[in-house]
Each structure stands twice: as C-alpha cells, then as structure tokens.
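To keep things simple, chains are lettered A, B and C as they appear, and every chain counts its residues starting from 1.
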Amino acid sequence: MAIYVLRKLAFFLGALFIASVAIFLLIRGAGGNVAAVVLGKGATPEAINALAHTYGLDRPMAVQYFDWIGNMLSGDLGRSFRTNESVADLVTARLSVSIPLAFSGLVLGLLIAIPVGTYAARNVGTPSGALFALVSQIGVAVPVFWAGILLSLLFGVRLGWLPTGGWTDWSVSPWGAIRSLVLPVLSLGLIMAAVLIRYVRSAVLDVMNQDYLRTARAVGMTRTEALLKVGLRNAALPLVTIVGLQIAELIGGTVIIETVFSLPGLSRMMLANVAAREVIVVQSTVMLIVVFVISINLIVDLLYGLLDPRVRATR
Amino acid sequence: MREKMHLITQRLGLLTAAAALFAGALGGAATLAEAASPRAAENKMVLVARQDPGTLDFVKSNLTAMRLWIPANVVEPLVYFNKDGSVSPGVAESWTISDDKKTYTFKIREAKFSNGAPVTAEDVIYSLNTMKASPVVDYAAAYEAVTAIDKVDDRTVKVTLSRPSQNFWQGMGAISGLIQPEASAGTIATNPIGTGPYKLASYTTNSTFEFEANPTYWGEAPPVKNVTVRIITDGTAGLNALEAGEVDALPVITIDLWEQLSKRELDKKYSLVTYPQVGEPTYAVLNQKLDKDLRETIAKTLDRQSYNDAFGAAWGAENTCTFALPNQVWYSPESPETCPFPYDMEGAMAAIAEKGYASTPLEYASLSDVPDLSLPADIMVPAMQAAGFNVTRNAIDLARYSQLIFQGRPPQFDVTIMSGDANPVQFACPDPSKAGWSTYCSPEYTKALADADVALTQEDYVAKMKQAADILRKDAVIVPLIAKKGVGLFNPDLKGFEEPRVNVAIELNKLHW
Amino acid sequence: MILSKSSHLPNPAPLDVPASPPARRQRRKLPRNASLLVGIVLTTIFLAVALVSFFYLPSNPNIPVIRNRLLPAGTAGHWLGTDVLGRDIVAQLMVGARTSILVGAGGATLSLILGLIAGLAAASSGKIADEAISRGADILLSIPGMVTALVLAATMGSGALTTILALTAFFTPSFTRVVRSAAIGVLNEDFITAARLYGRGKIFVLIRHVLPNIAGVMIVQFTLYFAAGILTEAGLSYLGVGVHRPSISWGLMLNEAQQQVGISSPLAIWPGLAIVLMVLGLNLLGDGLRDVLDPKLARRAS
C-alpha cells in the first residue's frame, strides 16, 4: 500500500513539473507582447521595449521560468502587468463565480441524471426506456452555448423573468447573484444531466445483473428497495470517479457558459489574459488548475486503490 | 339590533378606511415607481461602462475605458476648454500667455488633493514632466515644443516653449494637463488621486468603480454624492439592466447596439443623447507603398452607405470622406466636393481590368475580436473581391495585431480597417524613420499640421487644419468611411448631461436628479 | 459536451442493449439496430449536404447584400432567411457543414493515428515505456482542453488548422488509453503467444494480428471523437478562436447571431439545430456500430 501511494505521489510531482514547463513554453510561444497591448496604437518600439523591460520580459527564458517557479513555490503567484493586481486576488474573485456555477451545474445534473438514468436502466429495451435514452443522446449533442442562448432568449428576452447576462456580485446583492446564476446553471445542468444519464444507466445496468442484488431479493426486499439500497451504493463508486473527473474539467472549462452570460469567471479571465498576453497570470492560473485536476485524479486513484485491492495489484 | 348595525357599520367603516389607505399607499407606491429610480431618493446613481480599463494609470493608458471616468471626475487638468471656446480655470486659477505665445504662466489655486495633501507647484511640475515623458504618443505630443517647466514661486509655474504651439495649450485642458500628487504616483494604477469633485472609493476589476464626493474639492460639491459605475461587457445585458431599472444610464452605447436600441424603443422611454466626443471615425488604411492609382481604385469600391446600413441605425453615423468628427471644425460630411474618390464599382472594375491589378495579391489584416471592425471587414473584402482584386483576409487577434500592424515596420498589411481617435496628429511623421502605426508619411501633411500648431490665431489654425484634412483626403491612404456619433441613454429624471470637455470624460458632477 | 473530454472516460453501455436478464419479465423490445439506422441516415444527409455545397449553393454565403438584411424565413430565394448583412442562411449552413466535417474528421483522424502508435507502443513495450506513455497521456489530459485551445490559437493564429491541432491534443491521450487497453486485451490471447513462439516479430504481430482485432473499437471511437470534434470546433468558433470569414462554421454563425439576439432570434436557432442533428447522428452511429461489431469488444475497451 505504501509503495502504491509513494508511486502515485512521485508521478504527481513529476507531472506537475512537466506541465509547468509545457505551459511556460506554450504561452511564451504566442506572438505579441503585453507591453504592445498596453500601449496600443501610437506606441513607438522604444516605448514598448522600455515597458517590456520594466516588466522583466526581456530576460532570458530560463531565468524567467525559474523566477516564476521559485515564486510559485514560495506562494507568490505573481501579478498582472497592467493592473499590478496579484494573481491570487484575481483568481479568488473569479472563483466566487466559477465555483458556484460549476458546483450547482453538477448537482443539478446529478439530481436529474440519477433518477432518470435509473429509470432508463430499469426499463431497458422498452419504448419508455429508449425514449429517455434518446433524450439523453440528444442532450449530449446539444452545444452548451446553444442551450444557453436559447434559454436566455426565452427567459431573458421574451419573458423577461431573468437577466440575459451580467453578474451581480455576492457582496452587492446575494439575490442578484443567484438570479444571474439561474440560467447558466440551468444550461450547464441540463447538458451535464444528459452526459451523466448514460453513465448512471450503464452503472445501474451493470449492478442489476449482479448476484448481490438477487441475494437482496431473496432476503425479501422488493425490486425497488433492492435497487435503491444495495444497487445504487455499488453503482456509486464508478459514478463518483466520473463526477470527480467532471469537476476537474468544469473549473477550467466553463468559459463558454461564462461568455454567453457575461459572467466574470475564471475561464473568461484566462481567455482575456491570453488575449492580452499577460504571461504570468496565465501561467500561474493554469498551473493552479492543473494542480487541482491532478490532485483530484490522485485522490480518486488512491480511493480506488483503497477500496479495491484488485486495482492495486494490476497497476 | 341597532347595536349590531352599529357594529357592522363600524366594521365596514374601518374596512373601507383600511382599503382606502391601502389603495392610497399602492397608488402612491405606483407613482413612486413610475417616477425616479430608487437611487434618486438616496442621491446616488449607477452608470454602465462597457469595458474594464485594466489599469487606471492615465499616464500610460489611452484606453477609452479609463478616459471615460478618471479625468475631470477624479483628476483635473490645469484648465477647462468649454464648448463655446472659452477657457475656465481648473487646477490653475489664472494664467497669462505671452504675446508671442511662447511663455505660459499658471497660477496654481490653493486647493487640496482628495487625500488631504495640498497642491504644490512641485506637484504640477511633476505631473507635466511625467506627461511629457508618457509612452502614449498622444499625451506626450502636447509637449513637443516645451523647452522648460519651471517653478516661479510656491504657487506659480512657468512653461517655456521654443515656438507657439496650439497643441500645447489644448493639451493643458486635456489628459496631457492632468495634475496628480507626486507622492501618490506609485499607486496611480489602482487609486489615482486628484483635485476633482469625486474621489475613487473603490475599483474592482471587471466589476465596479465606486466614486464618492470629494470632501476637499475646491468648487461646488457635486449634486449626486455616490456614483457607481458597473462594468457590463455584454451590450444587451446593459440595455436590459437599464430597462429593468437596475442602472440609471448607459453614457456610451456602441454602434453594434443601436439597432437593438431603436427596435426596443428605448430611445422613446429614455433620454437619448448624442454627442460627438466619444464618437469615432471608422476608416480604411491602405499601405502607402501601393501605387496611388491602385489605392484610388480600392477607395472606389467602398460604398459608405452599406457600412452605415449594416448596423441598422443610420441615425447614429454619418458617411464622410474627411478624417474628423462632427465637433471638429474641419469636418464635412460626404459630398461631391469633399469626396475625391466616390463609390464607383463599374469604374473600379474597369480600372482593375485595364491596369491588371488582379495580379497584385493584397493582404487584408482584420482584427478578429472587435465586432465593430469585423463587420465592416465582412463588407469590404467581398466588395474588393467582386471588383476583381485578389484579396486574402488575415484574421488576427489584438495582441498579434498590435505586434504586426501597430508595430510592424515596414507595414505588414496592404489593407486594414480601424476605428479610433479622430486626432489628425497621429498621422504626422516628423521623422520618416519613426512613422506611426499607419506608417503614412507625407511631408506636406506634416508641414500643414506643424503650421497649424504654430498658428497665432484661431482662424489661422482652422485654415491650416482644413488644409491638412484635404491633403489626407486626396492621398487615399487614410480613407474615412463613417463618423460614428457617441450615443448615450439616460433615465429621463437624470438631467444635466453635458458634452465632455476633457477628452471623453463623462462629467459626473453635472448630473443631477 | 462542455468542451469536455468525457470521451476519455469509460464508455457507457450502448443505448439499446438488447436481451434482458433472464429473471426479468418480458417486455416489448425495440429493433436492435435502431440507433445504427438513424445514425447512418443523419450522417449521410450531412455528408451529402457538404458534398453538394461544392457544386451548388443557393447564393453566395459571404457577399453582403445589405438591402436584404435580416429577411425572415420563408422569403423567396432564402428559405431560412438572411443574416445581418443579407447573406443567405441556407448557403452558410451548407458551407458550415464542410468546415465541421473537415475539422471534426481531421482532428479525429490525426488523433487516431497518433493514438494508435502511442497505444500500441505502450501495450507491447516493456513496463517502463508503458508507464511513460500512460503517464504522459495523463499529464496531457490534466491541462484543461480550453486552455490548450486558447493558447494554441494565440500562438499559431486561429483557424481550421489550429483547431484541428487543438482537437488532436485533446483526443490523442484518450485514444491512446483506449488503444492500449484494447491491445493489451488482444495481446493476452493465446493465438498471439502462438504467433510469437512461431517467430513472428513484434511489429508484424501488432499489424497483422492486433490491429484487425481492435479495428472495431477504433472505428467506434473515431465516430465518437468526430462528433466531439464538431461540438468543440463550434465552441471555439463561437468564442472567436476558431475559423474566421471567409470560412464559415456553425459556431461562427452562432457568434454572429448573438449580436442580434435582441432583434432576430431565428438566426440563433438554425446553426445550433444543425450541430445537434449532426452530432446526434454521429453518436448514434458510433453506438450502433459498437453494438453491431461486437458487444464483447466494447466491454473490453471500457
């Protein structure tokens, strides 16, 4: 067991290192310079070079890389060149949008997917089961931004019940913040539900064929009881893995929903900073996300290893 | 029995009274709701900004997003140039200009910055010198003729020029003349300090600015004490917020929203103001290295009305061949006299066939993340191709555009389209090797601008500027298409809007409920 | 899909798993290959439309005709109306089909090739090579797909090629995993051991024996990634980092339509509908194929 954990940790650190180099090289490879973006149209090359110098962008690449890594390891994520805000502040502010969005979307998706997927599994092969399966297939095919645009058209423009976009901060008005989140969470949740239904259905189908379910029936539980009490618990494990992985993807991947509804979230901030070539902000933010994702993967792997000894043996 | 009746009557009476009160309250509430926004009672207002400026450093940034709010409200220039041509005192309470227009003496008023520090001559000298060294060419250009900025005494600063300069004097009423305290220069990017009627209470990027009345302001206190500027990047969301009563004004509404605005009849429910200062000309830029006849032929493929129609709101933009905005004296709308190369598709096609222009590959650089510019590009490129030109469209993002187009020497494009400042000086090139982003260089044009700058009278100045504008028109390098007006929507009870005096700054202290 | 790489997760059961477990009551069953049929039909329609677009278009999708702007659906000559610059919607949808297919198939194909090489190498080489490749794939998967796409677009300029590369970067790691586990399954079979004992080289074994046996899984994954690629490309174009005019993409049409949301809603509906139908067709095709080719193979790959 200890070796298993150590190996996982070693991989974890190695992965972080490689990812950091990859991110650094990738963003630096992009043409353009934040100094040019700041100074805009009329700037002279001298002014741009001077500004780039004050930002420290003309130092050798290796120096800049180790400087950045060194700072990150000691907790300093760096600052935006244009506003001098610390990356930590920038990220924290954005998380207050992205986390509620991602989390609520996932929860809504699960709330819909679990009952629907279970029903579809129970009724496999019949028209009603197939209908749900079809609906889920369609849902997976719907681009999330289209869902967002349509919802915003209906509830925002036609009915006027909810804002079509924009964000009211929690500190300004919690109710306003919730209102700003309703349509985005709905769009996200519906699509997530479509994606998850298939996995729930698959997991429940697997479980339905197992012996312990028959045992439960034999002991006297009704079909439903057996499914709910015994079946779902066993179906939960793979589902938890999938949910864990989805969380990881969501944090960095909500940029489209954030764009549709003009929410100042993490992904959109990254988009804006990539566009402005704010290299430090992008590097540090991406590293944070990568750390988060790899950590989740690590935890899931460890949990699996813990819960299922067979996994440890074959790896 | 009578008692019972009495009781019933009493009850009825009470009920009626209660109903009447309730109705009255409802009715009253209804009237209140129809009246001013809830913020009127609290003496606050909420305005909408479309873009986040990123930095509030007005020395280094020339983003409109910053210029709309910080000058005039938080930081003041030395003087104010009014619409009627008169000049009002700003940080300078009085001034004298020598007859040869080469010496300016400013008497600094006894005032305090919003942080309590007194305004000193040193602060003024620091501010002017900082602007003189600004990396933004527009700001530093005002100081081109300045040879010395000296302290005469604690309350007097003298500026000496090598030659008369209209640009300098105008600059003292614009961003080039903004006065800041030397001691607080370090935090200018997040918290600029000035002598203006407001001070910046807070700035949250991508979210809000909060302004509150400056307690140490030297002039009349602003009627609205607390101002919030909300940054709503999505135009439609901004209009929705106005309609929902969540905000009180959208002072700057860009062209992509005008059609929506009139379709939703917002111009009937709210006060629509149009003002030229925030307007922008949209113009094509043709590489000067291209043959002059070729450039003129390209100009003939441009149907200005289609650019106007594309946005569905022809009331907000005017076709023009002059690089200027309606508030500049040398401006004139499209007319046979002022358009040397009017739209003539047949003529263009004939010229292309005759001179074999189809064999010259042309590269069109298109800024992909700005809808104001990609829509005109969608019109321009097919039009040029229909005429017979061999054009390829190169869509690039802002960072790469900055590098290739703004900084590219020699120019890395043949044709591009731009929208921005109507400042004619940006096309001057006193030193050909340092020509600006368009790399347009014409000695006649530069000379005309220089002559205008040195002009001693307003009439001379205007005549020379008109001459410069004419040279630009005839050269077919900078080809204006439409002059977009600045458009704003205000809650009908929020009155007092006046055209900006300091560049494009919305003067918040003029607004009142 | 939220620009997600859910495809790298174990594949869920195909949608019309046929026979019910013996203990259950009999219920009416659907035709086995319903999803395959629908999938084939939809996919063929779109392929046909894209092909036809090279020979015939109702009108030019790129030339503005300002006086025709925002015509409603059902206008003569413009069955679905025109956009803000008067360009025909049907023509744009047809050309958009080309882009979706090109980019989606391009990304899926490139990932297939790279994934095959890496996956087969991992399955058949020593433990260290296997670890290295697998861990490498894991690392690539941990960088959010969006970020890779954005940075690639910033580095190389946005466009069809960049989008294809971004898609390749997303899908290759998951493809590698799928190939690897399928190949490991095959490599454990007896006939492989027999072939090796007989003296066949490793490469020969891989190509001659393993490849044909994992082909089914590959085809299924290909169609699923093709579908995911179309969704992703639409998303990237919507954000402005995909293709640009004069290339047209359904995502780009949605981007342009968003400007008109307060004015003309139908513009936002047609491109989205096209995306849904095409992706649905491909997904159903993939699921149906998986069902037909060999249900056991599908299990092995998960």
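Following the convention adopted for this analysis, a contact is a pair of C-beta atoms (placed from the backbone, for glycine too) under 8 Å apart; a residue touches a chain by one contact, two chains touch by 3 or more.
Just so it is clear, the structure is predicted and the values come from calculations on it, not from any experiment.
Should one ask which of A-B and A-C has more C-beta pairs in contact, the pair is A-C.
Chain A has the Cα centre that lies closest to the mean of all protein Cα atoms in view.
Mean C-alpha position of chain B lies 46 Å from that of chain C. One finds 39 Å separating the Cα centroids of chain A and chain B.
Chain A and chain C have centres, each the mean of its CA atoms, that are 21 Å apart. For chain A, residues touching at least two other chains, in rising order: 30-32, 164, 275, 277. Counting only residues that touch two or more partner chains, chain C has 154, 261-262.
Residue positions 236, 369, 397, 399-400 of chain B each touch two or more of the other chains. Every residue of chain A that touches chain B in the complex is listed here, in rising order: 30-34, 36-45, 47-48, 50-51, 80, 82-85, 90, 93, 156, 163-167, 169, 172, 261-262, 264, 269, 275-277. Contact residues of chain B toward chain A in the complex are 54-55, 60-63, 135-138, 189-190, 204-208, 232-234, 236-238, 240-241, 244, 369, 397-400, 402-404, 406-407, 409, 418, 420-421, 426, 434, 436-437. Partner chain C is touched in their complex by these residues of chain B: 236, 239, 256, 259-260, 263-264, 306, 309-310, 312, 366, 368-369, 371, 374-375, 377-379, 381-383, 386, 393, 395-397, 399-400. Those residues of chain A lying in contact with chain C across their complex are 11, 14-15, 18-19, 22-23, 26-27, 29-32, 123-127, 130, 133-134, 137-138, 140-146, 149-150, 152-153, 157, 164, 188, 191-192, 195, 198-199, 201-202, 205-206, 208-209, 214, 238, 242, 245-246, 248-257, 259-260, 267, 270-271, 274-275, 277, 282, 286, 289-290, 293-294, 297.
Contacts from chain C toward chain A in the complex involve residues 1-6, 9-10, 12-13, 15-18, 20-21, 23, 27-30, 34-35, 135, 138-139, 142-148, 150-152, 154-155, 227, 231, 234-235, 238-239, 251, 254, 257-258, 261-262, 265, 268-269, 271-272, 275-280, 283-284, 287.
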